[in-house]
Amino acid sequence: MRRKDLLGLQDLSKEEINRILDVAARFRSVSERRIKKVPPLRGRTVVTAFFEDSTRTRLSFELAAKRLSADTLNFSAKGSSTAKGETLMDTARNIDAMRPDAIIIRHAAAGAPHMLARAFPCAVINAGDGINEHPTQGLLDLLTMRDHLGDLQGRTVAIVGDVYHSRVARSNLFGLRALGARVRVAGPGTMCPPGLSELGAEVCHGIDEVVEEADVIMMLRIQRERMGPAMMSSSREYSRFYGLDLERLKRARPEVLVMHPGPINRGVEMSPDVADSTRSVILEQVTNGLAVRMALLYLLLGGEEAPDAAS
Amino acid sequence: MRRKDLLGLQDLSKEEINRILDVAARFRSVSERRIKKVPPLRGRTVVTAFFEDSTRTRLSFELAAKRLSADTLNFSAKGSSTAKGETLMDTARNIDAMRPDAIIIRHAAAGAPHMLARAFPCAVINAGDGINEHPTQGLLDLLTMRDHLGDLQGRTVAIVGDVYHSRVARSNLFGLRALGARVRVAGPGTMCPPGLSELGAEVCHGIDEVVEEADVIMMLRIQRERMGPAMMSSSREYSRFYGLDLERLKRARPEVLVMHPGPINRGVEMSPDVADSTRSVILEQVTNGLAVRMALLYLLLGGEEAPDAAS
Amino acid sequence: MRRKDLLGLQDLSKEEINRILDVAARFRSVSERRIKKVPPLRGRTVVTAFFEDSTRTRLSFELAAKRLSADTLNFSAKGSSTAKGETLMDTARNIDAMRPDAIIIRHAAAGAPHMLARAFPCAVINAGDGINEHPTQGLLDLLTMRDHLGDLQGRTVAIVGDVYHSRVARSNLFGLRALGARVRVAGPGTMCPPGLSELGAEVCHGIDEVVEEADVIMMLRIQRERMGPAMMSSSREYSRFYGLDLERLKRARPEVLVMHPGPINRGVEMSPDVADSTRSVILEQVTNGLAVRMALLYLLLGGEEAPDAAS
């Protein structure tokens, strides 16, 4: 891979995306073995710097690094120098001075990873920046779809919920468009404004309209912590108009895939029986997340041999 | 070991307990060497998932895994998806999707580890579930007693304090009964109700009564955080009636063992001079805890060679 | 090294300090390699026990241990048995019972590391005890100065700010005096009382007076969290009288070094243009911190071969 960093899917080509997914698919087998560890990143240092809480994403990166034999360090913003008034750049300069090979950053400010990537020689991976992108989530979603559907060219993916504030939706949108898929989005007006069409999405307003034609239905998490009370009158109402339950799912194609980036608000954006149905590939997404992160660390840190040879 | 999980001592046979203790006794030497690490779990993944705080138990498991060369991941409930409203099962499904070899769980709900054990293929170890069991604490206590007393058949163990709410007491009770020991319990009426006799304990009410005949006196921690003010009028009063001080210890056999699961409330359940006396084996309990956890991880994850050969 | 512990620089000889710095200088290269890991502490256990928050110092120690192939455990006071009322010594006895090779302790009480060092056979490293000492910070500062100035005999180091409450200042003072440097301190009267001259410092009160002659200007962090409002009327006033800005820096020698232990309060003790100027060696301090901690762990844990041979 020619890139130093992974900051978003917006500027990735179809070829680059497919290369990452190919390597990820091969790394998947490492986690199915008894000895779940390969040596290519032995003696390399991977730092996770999460300025927003996200246990599951952080652990996925940490485990990806460990299964490649890297050493990991967890920098968390709580009780850190950030809390003592240090700027992000000063914190990052301090991390850089310890010579990490990669920094995985999650930050509330869109563009924070880009700032670090420009400033430092190590690889920077965006693990979510504000409402901008969450590219490893996008890649794991693409891998999951590709597993089931093969080439995504001409496929239709419905994204439902708070598309406007979702970095998951944005990364998916960029990735899906690069791979030639059609993206249709639906959600309450404030969460799914017409302006999204500039990004290449078809903005619909009813969930039923997008469900019927879809090869994939991706339900977004309602992030109650990010929204004011004005945006939706209640969870129950949201669920009635935009939640996916079995009744609604019946209108979809029988082979449709149901996805969710997790953690699920069961009973809000998705009913429990849908989350646990045979159409749900939610847990495959988690497994693929680990593989995608292994692939990225491997490729960005300059794995020269093919991963099969390295194992 | 034929088991996939360790959920409690209630259903363990004498033979199974002794097998674990035998392996633990052999692993103890690893921690006394200069190079405190053996290879049998290289490339295996051990996840600690503590939904209640317990630094020392978590670190003991983490170090046990590391000394067997496993990789460890710490999932803590703070700031995690649990805090975002995810159910325990969804959290666990996510952990499982990363293919751990073992999950060590502590949870406020009795039965939580059992639910995970049924649902997932990996080994599940109960590190404390509500007021049900804390089996590795029970095993380390048994190992400590066995070291000093040999066969526990016919020995008398006094357990003093809040027996009713103590998962430590319950696990000890099951283990001690399996090994043929006699268990006598004492504590304030609300903490030591007559119903405990159904579990095989002799319920006494005065501490002096149980101290005199005992081969072992196990003082339980008063968990002030779990009790309302009605249960005991004050720490000082508790200490006077149920605390162990040197005066009381004089009535016991000269070779009696004094145990405590820690952390000690010095001056409440035990006076400092007793905690530090030659009869106290409290720190041996900690050392044995590490060995027992190494043995369990080794046995549950399918160590085939004898641990001596593996070292 | 003949010592078991590193508790402070007060009792270190010039020869001991130079030996540590020599080893640190050699270890520095490990972090510049592709494979940033050497084997001398494989199978050894290093526990960090931080009873005060300090992400950056903790991570520096943790990474130092990992780059020497040791296993690390992080004991943090939050949610730990300390929070449940356990004494420091009981907590430490519990850590010791798991047979660590080294305990790195930060604690609000001066003398806490000394208490542990006397009680336990493992190496104890002071990572900051109250307002007493922070010896690894002192050593990394000395290494940074030595890199630029060579022998420090007869050199002049200015320390500016809250010298009285600064363990960083104290460790530097002891180390600099041992190496024959002259130390001049300046700060508001309550932060820089005349009594400091008993430690070998020349107490001045104006910053301009110390800046002019200095080979090194070390600006201390204003720890707003430790001070009452009476000690300084405002950050702005502090900055005007005791902050280092470009205007003031012009009065210093052209080759002067500007240092700061971090995290910087930009605009308070130092203006951003000074922090980022060519005279600033602040990030070299961080890099040297890692090397000094590797050297100490290596020397205290009995590295017998020369570190070059070990790599």
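The chains carry the letters A, B and C, assigned in the order they are written, with residues numbered from 1 in each.
Note that in this section a residue touches a chain if its C-beta (ideal position, glycine included) is under 8 Å from a C-beta of that chain, and two chains touch if they have at least 3 such contacts.
All values reported here derive from a predicted model rather than from experimental measurement.
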item: Chain-level touch network, classified as line, ring, star, complete or other; value: complete
item: Copy pair chain A, chain C: interface residue numbering same or different (half cut); value: different
item: Chain A-chain C separation of Cα centroids, rounded to whole Å; value: 40
item: Sites on chain A at which at least two other chains make contact; value: none
item: Chain C-facing residues of chain B, complex; value: 31-37, 53, 55-56, 59-60, 62-63, 66-67, 78, 224-225, 262-266, 275, 283-284, 286-287, 290
item: List of chain C residues in touch with chain B within their complex; value: 42-45, 71, 73, 75-76, 79-81, 83-87, 90-91, 93-94, 96-99, 101
